[in-house]
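In the two complexes below, chain A is the common chain; its partner is chain B in one and chain C in the other.
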Partner chain A sequence: MSAETFHRHITLNILRYNPQDADAEPRLQSYALEEADGMTLFIALNELREHQDPTLQFDFVCRAGICGSCAMMVNGRPRLACRTLVAELPAESTLTPLPFFELIGDLSVNTGKWMRGMSERLETWLHARETEPDLQRIEERMAPEIAEAIYELDRCVECGCCVAACGTAQMRPDFAGAVGFGKIARFRADPRDTRDDDDYFELIGDDTGVFGCMSLLACHDVCPKSLPLKTQIAFLRRKMALIA
Partner chain B sequence: MSTSFLIVQSGLAERLRKSRWPARLDLLQSGTGLLLAIFMWGHMFFVASILLGETAMWSITRMFEGYFFLGDAHPRLVSGAAAGVLLLFVLHALLALRKFPASYRQYHILRAHIKAMRHEDSRLWIWQVYTGFALFFLASAHFYQMLAWPQNIGPYASADRVWSDGLWPFYLLMLLAVEVHGGIGLYRLAVKWNWPGLSRNFLKRLKWGLTGFFLVLGLMTLGTYMKIGFEHQARYGERYRPAELPAWLERLAPEGDFPRRDPKEDAP
Partner chain C sequence: MKTRITDLLVIGGGLAGLRVAIGAAKRGHEVLTLSLVPPKRSHSAAAQGGMQASLANVAKGAGDTEDIHFEDTVRGSDWGADQVVARMFVNTAPKAVRELAAWGTPWSRVKSGEREVVINNEKVTLTEREAAQGLIAQRDFGGTKKWRTCYVSDGTGHAMLYTVSDQAIARGVAVEERCEALSLIHDGERCYGAVARNLVTGELFACLARATVIATGGAGRLYRVTTNAVICEGMGHALALETGVAALGNMEAVQFHPTGIFPAGILVTEGCRGDGGLLRDAEGHRFMPDYEPEKKELASRDVVSRRMEEHIRRGLGVDSRFGAHLWLDITLLGRRHIEHNLREVKEICAYFLGIDPAEKWIPVRPAQHYTMGGVRTRHTGESPHLKGLFAAGESACWDLHGFNRLGGNSVAETVVAGMIVGESVADFCDAPENDLAAPVALARECVRREEEKLLALLHSKGEENAFKLCAEMQEIMTRCVGIFRTADGLQDGVSHLQRLLQRSRHIGIQSKAWGSNPELVAAYRVRRMLKLAITIAYGAYQRTESRGAHFREDFPVRNDRDWLKRTLAFWCREAEEEATLPHLEYEAQDVNTMELPPGWRGYGAKNHIEHPDTAERQFAVERIRNHVQLAGSDRFALQQELMPYLEKLPARLRGRNERLDEPL
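Moving on to the complex of A and B:
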């Protein structure tokens, strides 16, 4: 196979917009570059920023699918740039920012702000009904299968792909989203959390919560960590319905 | 006025303990949808009895009118059943409205999202919205017919309605809307509650299989009524009378003296 065929010339059409600039209009800008072996979209974007356009805005930290910062819409679907091989993409692709979240500029969005708001609203931290925490007490043992179940749900990197893919969230900005339900499921599975289903109902028992979910399941299909969102949301729905 | 009403009116609803109604409404939407889907399949089989012959369809119609149990045909029994299904339908439509895009802005965003995402389940949902919206009107008209003129159901009466009264395009549209809506709805119900815990791939194949089966059955049935209606148009209004019934059914017929005068004969 010739090197010519192997290293394609690809085009990336990137949505450019700076919300801070009152005169700016959203527009698509095309960039051409040569594909390299094992090139991820994250590498391609860095190359564009280094060699072609230093004004291009996008986020990244870990480059390994752990931090969740580089999520963006790749040809209409949310993906992590660092986990997307350019070889998987057609010769011409379109990159746009994740919808739903506050846009910082170009492909950069403020997922952290929304995630924090969601965490505060859904109280996604361990609630233990202790009047006085005993710092000397040895932590109770946990069965390995419970620890594994919690770990499985804790693999969420809060990249925002599930919310960006969710049809309900596009219509309802106050929707908790699969990331929120995943967190509730995580604390519900944790025996150290003393909240019961009545307490969880107060957090997700309405149309901004689990009963607003229309089961379009795009969240499940795009999750870069392959979290079992479909079963977790259905599980919470059944548990919350039993409260009624 | 209760304090809770005043608190809600004051924009402080979030400070109240959460109502259980969203959970009940979700259950009701799923429950009414399931019952309507089961009804829809049963209805399709009953209507499709015309494929087994005019006498088969006549017998099933008479059975629902109580002919074989009460000694006479009572078409109002069919109206009563239709009223019950109408109640389910209205309730289901009311509950489903909660999920519809409620403004042009919402619709515009959702449409762009679904188009760009190219995600099958999201696309199926928008088709459920379109077909559900169409059924508001199509099913309502059909319910009115069944409530007002239940006596006009039968091999010839139904065929005349389909062909001579020109309602076949209406039934064709309703068949497409019902089968698409019900098939997607049942699939969504199964994944929404994760019950039975079958794989999505299997459920989707099952869904398309069932939709295909009922569409073919429905089209064959509609075609048969159109054919009978076409052949019967010169005798429009005449009611079907079976020459004879199978022996086992004749034993069930009132007074055991079948064939006898059909009470529907008197109907205009």
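Moving on to the complex of A and C:
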């Protein structure tokens, strides 16, 4: 740890709006605070709520970049707030909620509801051959490289950054989004899943699916888990085009 | 008043709750789950290192069985565990791993042939056999005799939670997200469900159910420095405690994880040490072998955490403006290993510390990590005190972990308990005598009471600040009820916390919003958290011995003679508004039925005060062992003779577990 360092006074402009209050108008509210060593937006926002404004709404759960709860727009770019160090931000920054998702209030959005809907629609669970496996028996084998490749795609935390950054999603609310394609790619890579490309075509073979993607690919750039979304979408599109 | 009627109400959408829900749904029951957050955000996701199950696929796991997993677990618990529950657990853990494999969890797999690993600071070449190619791999963890921890890179909890949550979606399990249970609906004899609050709209509603399961995880946020997520505030524990009928077991048993990153307390996995990482002091000296020559960095968590704090007390910690810390060195594992098997660790180091752990040491210090105590239940998960109330996972005390949980046994417990309690809850719902004549009037009364309490809070003229009270509580818990405990410190802690509880009755709230209102939530939760904090501190004060994670400097020895018993805490119901202390009772453990009589753990202190029955039981166990061996019977027959348990498992979980070296 470094010795005493100079601490900036910073300003956070935060979008305030409570959709439950019929009279409320969205507005930006400015808060001033003193930076501290190792301060993340998690620490900063809690300090604001505890000392300046107890009404401020935001979501954090793990505060360690693992659970995906705290995605928000930081100076116009979707990020996980908990692992955003204030030191990396300019002296004045703007925080707004993720667009696209239902707003709960201030910086809190309902990603959970949308993700569950996406999961139901794309059937993002393993479609196994046997529904009641014999649990006493040795497990089915899988090549270590395949297991690692599946985990690579399984690392998605459903934070919503990719959808918030997506050009198509802004125009098409029923778009499955990179998160959805990532999941299809994940099950497609899994030899335990019995579905084939005909089945996946039924799920994502139209403009609400991979053919709606305009290849702007901001999803890839903003993914906090650095998932290979660009290649996966391109690959899926090629496979689905073969069916069409 | 809105009333939801269902067969099973599950409070908590993490691994334990969802697996119970799936079990009951598979048996044809309707399930409603309440979750503070979308289920995939639950703290289960943060478990990094893995899940113990004796599959014995890897070379260093050869010869592993349920028996060894059982002994490791009981020794880890410092003989606090219920040994029947531990047996049920170790027999089900391999089935749980295999079920998850069949449901899609991408477990890391064995690659046959030679590979280089780091063991005890030396590069060693291991040869994985051809027959194990592609089976589920295991890594080393603390307090275990074999490499038994199955893992998905270092995102095990995440991968497990996504698998189970996706299965719950596939089976149409209903989840009410952003809903919080405020109190249980009960009449002192039976639990009928819960009063819930929608955290967005503020709406209160009654959930009536034949059976209610608390699966809300731990209570780490009672402490200032914790690895736990911000939602781990022990609200499920509090639901049970506030009934005045159900008991909390062993709340003084609190685990501190050796490697919280300093000072934020974010966890870096035990897998770092399991894979060969070392602890070093200010001089760069590897100090654990000086204290624990047998297990070194891989003694159980309570022992390693204590040794670290001891070392810091000797002035050998690294000074920083936030206080002293030690180093975790994983540079010797090499970049490739870190980038493949410890990638969450790498990310955490990069984002929160700005360092690359392949090149630099990680600053660490023990942080609160796990709540061994919980809602006291039988081996079925049901409360012995309140019919129809069940608990599973970290919020339960069916008592798998006793006074110290082994790494890798927590996520294992969540799914194993889910499988077992899922069946027993379904049995409970199936039984006609448990049918529910929906007590709508009682529910209405309970909802009205909660509404009154909330309105009183909102319109209180009090001047206490909920956030400040919470911070004071966390400070006291960290200072007085931490790794090293003394009578003076605990007494001081209890009286401080009592004063805070009294002050919490005068909280004032600036925002009057009925709907989403973080300040209101903080206000009603801090009152409950204080009751839990007092229960922990008071239980620790009364327990005048040291056992597992509970360490009393003034009573440094484990005392089986006087303390081989579980603490049960009840909150006095009649005088709820006046009470500031729980009522404690003790439940003795029976040495005469133990498969593994109390002894030395194999690490840590070697002195303890014997229970008067131990010698006789030890003798009896030896006699049975010799007898069975002479008769030429196998390990299963021996186990059955020592401590029968199989009939306590649901029928479908009783079978043996196949291994490469142990065909069915």
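Here, the second predicted complex is superposed on the first by the 229 of 244 C-alpha atoms of A that agree within 3 Å, B and C clash if a C-alpha of one lies under 4 Å from a C-alpha of the other, contacts with A are read in each partner's own complex, and residues count from 1 in each chain.
Rule of thumb we're sticking to: contacts are C-beta pairs under 8 Å (C-beta built on N, C-alpha and C of every residue); 3 or more make two chains touch, one makes a residue touch a chain.
Being a predicted model, the structure only gives us computed values, none of them experimental.
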Chain B versus chain C as contact partner of A:24, first or second or both or neither: neither
Partner chain(s) touched by A:91 [first = chain B, second = chain C, both, neither]: neither
Chain A residues touched by each partner, larger count belonging to chain B or chain C: C
Partner chain(s) touched by A:151 [first = chain B, second = chain C, both, neither]: second
Partner chain(s) touched by A:32 [first = chain B, second = chain C, both, neither]: neither
Partner chain(s) touched by A:234 [first = chain B, second = chain C, both, neither]: first
Partner chain(s) touched by A:221 [first = chain B, second = chain C, both, neither]: first
Touching both chain C and chain B, counted on chain A across the two superposed complexes: none
Residue ranges of chain B touching chain A (in the complex, touch as defined): 17-27, 98-99, 101-102, 106, 109-110, 113-119, 121-122, 125, 188, 191-195, 200
For the chain A and chain B complex, residues of the former touching the latter: 73, 76-77, 99, 165, 167, 170-171, 201-202, 205-207, 209, 211, 213-218, 221, 230-231, 234-235, 237-238, 240-241, 243-244
Of all residues in chain A, those that touch chain C in their complex: 1, 3-4, 18, 20, 37-38, 40, 49-51, 54-57, 59-69, 83, 85, 104-105, 108, 111-113, 115-116, 119-120, 123-126, 128, 130, 133, 135-144, 147-148, 150-151, 154-155, 157-158, 187, 190, 192-193
Residues of chain C defined as touching chain A within the complex: 37-43, 45-46, 55, 94-95, 97-99, 101-104, 106-111, 133-137, 152-153, 155, 158-159, 162-163, 166-167, 169-170, 175, 177-178, 200-201, 229-231, 263-264, 266-267, 320-322, 340, 344, 347-348, 351-352, 354, 363, 467-468, 471, 509-511, 513, 515-519, 522, 653, 655-660, 664
